[in-house]
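Each structure below is given as structure tokens.
One chain, subunit A, appears in both complexes that follow, with subunit B as partner in the first and subunit C in the second.
Here is the complex of A and B:
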């Protein structure tokens, strides 16, 4: 999470209008999920990788590592889809195990493959958004979409304070470790508990201080902030519109074919 | 004509009258009958150990805490604890808190600074201009696009000062602004404070740095266990050995050195006591 946050602040596409990027990611995701063809998924995948890595300047190795995370999940879950335990062997493969077979059908193998490329392509859409758009910009877009203010305010505070929480937790852990708190399993458990309770106490204290500080600035129940907007560019909008139309065409074609 | 007379008469930015405050669950009073009259446009340093009541006093001055006894007057008018008049008080009296991480709630510097001024009901366009102006003025531009969690302590401090300045307060309260800053940022923050006081702002600052307070302030308020131990010019307060000792403070280095030099006859009694080491150096060499 922190890696993604750091990378997106460095992205060269950071200052592109956030609504554009948001619409692009969501529409592409929808097309990718709706379409049945492998070609759509491939196009979406490669265009996203190109945009995020080549245009955005995210190091390719980093991006690859990030993709491995959902890939691992996919592998595990699709294996469960493909492999059956049955008394009758199915058509794709069958390994006899006593009176039973570890087996799978061709259709389920194909289905699993389709799921894999669709899901990976979908993930690249989300990675595009999270690796080019900083959280505060995404919140600005959500505000425009009339997501309830309370939800956005909560997201804003959580995003700000999760870093402080982690900083505090790591400072406490360091100071515990410097006093041999990780000597054995028992002390490890105990110091983890101690860290948790210290963190809770500090968080409560901090929230009180934050509230005072906001009140001191005339807070009256609503966290009003100015959105920081970058102008949308015609060329980019045209590109997105054209690209999505092509994807839509491919999706429709994959259904009527 | 009459109105003007009233205006002229009121030259107190903040007055407190016998205010006392006890935190819930504590027996000891955090503030115990504090009476102060603070003149407009002055630079006033608040000194005293931890727990002497500086922060509590500041929170009372901006209506965050309501003293159980006594009265607070801002600009001559007594503080009422209704929502509307509190908003007015908080616009006039701004507090820069000691710990920036307790004050900055947004990860975006720009959004953070815009919070206060939007709360005043200013329209978006003028608010945007004002935020830009403050960002420029305090030199925040180089790191304005960085998230709050990637800023250094000094940068966060600048943003927390901008937070308040954008609201155009009449009284600026700074709670230990230089605490835990590196020398570079301490110098920067202090030069900003210097500029601000020239613009006629009343500045109240809590500090532990006797030498700085002695050189900077027009008045020093010495607090001890919730009471005002001494309130006067830096020379009066720092020269009061008894009070200084009670507050666990030492006289400013330049004052001690000057006295010694005077006693030994290295320099003659001049027209004015030096306020800084640089002043003293000039006196010796000149």
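Here is the complex of A and C:
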């Protein structure tokens, strides 16, 4: 139902130690955001695509489509960054409009370009994490990071409920469609609202039932799950450490230069 | 073609492209990696007090009645699912609600801050809307500022005896608009314009996102009202359970 989640369960890297993947993704992301050089972004981008697609076995076409998700935001906000409305034309481009110019400077265009590939490289870091590590494993890592138990428990329950509710929502929508509930805009709005309220009522009922079920199984304020331990390989840790050091070097170099 | 006609043509092509390439209209999540490192940390720190307050309020709610745990989790999942479903839109592009306005009205702004950050994490990891580095900024605009305004307006309208449906609409609509304004300001602070500084930059960001965000806010307002009407008709006991309807109003 959720494409990324489904792909993630198929990934060949799914059973690699979760903390290792988490640390790799977060560190790389930090380096990528902190660095100013195009080279760092390019390295991060290609290494992540290689790891996710070639090593993880995610279909390339799917991956490309996923990369397009943030494209809309990128395009719109970069336009806002580059284009200025001013009385004096700047050096990169200038379209006269009455007494004003739609204009931009070379430095801002370069800055915007740098931002674009930096952001795309950062997105590949996020995708590495979400396409190789399943949510329950990520929660395990968060638990090791001493995030409060209540938050983790809520996340676990929410993650479970998301699929229940999506199933309910899609069943309601199907039955609405079969009764011509989407024939014009008015009915569309009304049926979406109806679906929303029915969904909330059902979810409140379900949550009560779930609590009863938990209590019947001796729930006393803590959800206990048995995490599977898959120790990280030394070679992989060394690789990651080396790679991050190189990235750190590049980031530092991009600042002092 | 004269020079001016050519220019007009170019501008219209650019405009059309902008809308052709933007097939999904989300509530404005700032994408992964789009903010400089300093701003990522700063927005995270600004969110902290709200998150801690929310956490304490949730903890107390669960302490008073343990059953509230599953109820709160269900509300979080509800916000996520509502915001991940395609809503009917006028232009034919697919757009999504934020759902946080509805959440704030139903569950209160304190719980929505914690639920909001959880939902945003799930949106980043599962749907690729938003990101991990921009989590702080997105949390502030969507899980703190927007819900606070929505809740404030809802309460204010209640004090002023405004019709409940109108006040629900206003709360969801203005909450959405405020979220969009805050996001624009966040982007502008990080990337001030060369001509005119931060203020000019904010105006530019507000301008480019307005065509998608304004209709979205209106639709979100209408849908929230329709959902609340449905709930008031069919789910009075449940609404009383989550504290939305107090004893007297429910009758």
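Please note the rule applied: the second predicted complex is superposed on the first by the 256 of 257 C-alpha atoms of A that agree within 3 Å, B and C clash if a C-alpha of one lies under 4 Å from a C-alpha of the other, contacts with A are read in each partner's own complex, and residues count from 1 in each chain.
Simple rule for what comes next: contacts are C-beta pairs under 8 Å (C-beta built on N, C-alpha and C of every residue); 3 or more make two chains touch, one makes a residue touch a chain.
Keep in mind it's a predicted model, so treat the numbers as computed, not measured.
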Touching partner for A:218 - first (subunit B), second (subunit C), both, neither: first
More subunit A residues in contact - subunit B or subunit C: C
Contacts of A:141 with subunit B and subunit C, given as first, second, both or neither: neither
Partner chain(s) touched by A:125 [first = subunit B, second = subunit C, both, neither]: second
Subunit B versus subunit C as contact partner of A:5, first or second or both or neither: both
First (subunit B), second (subunit C), both or neither touched by A:157: both
Which superposed partner A:206 touches (first subunit B, second subunit C, both, neither): both
Which of subunit B and subunit C A:49 touches, first, second, both or neither: neither
On subunit A, positions contacted by subunit B and by subunit C: 5, 135, 157, 159, 164, 206, 210, 214
Contacting residues of subunit A [partner subunit B, same complex]: 5, 9, 134-136, 156-157, 159-160, 163-164, 167, 206, 209-210, 212-220, 223-228
Complex contact set, residues of subunit A against subunit C: 2, 4-5, 26, 29-30, 32-34, 66, 69-77, 79-81, 83-86, 90, 95-96, 105, 107-108, 115, 118-123, 125-127, 129-130, 135, 138, 148, 150-151, 153-155, 157-159, 161-162, 164-166, 169, 182, 185, 188-190, 192-194, 196-201, 203-208, 210-211, 214, 221
Subunit B residues touching subunit A - in the complex, by the definition given at the top: 59, 62, 64, 83, 87, 90-91, 94-95, 97, 99, 101-108, 110-112, 114-116, 118-120, 124, 127-128, 131, 145-150, 163-164, 167
List of subunit C residues in touch with subunit A within their complex: 7, 10-11, 18, 21-26, 28-37, 40, 55, 58-59, 62, 66-67, 69-78, 80-82, 84-85, 87-88, 90, 102, 106, 114-115, 118-119, 121-122, 124-129, 131-133, 187, 191, 193-196, 200-201, 204-205, 207-209, 212, 219, 222-223, 225-231, 233-235, 238, 241-242
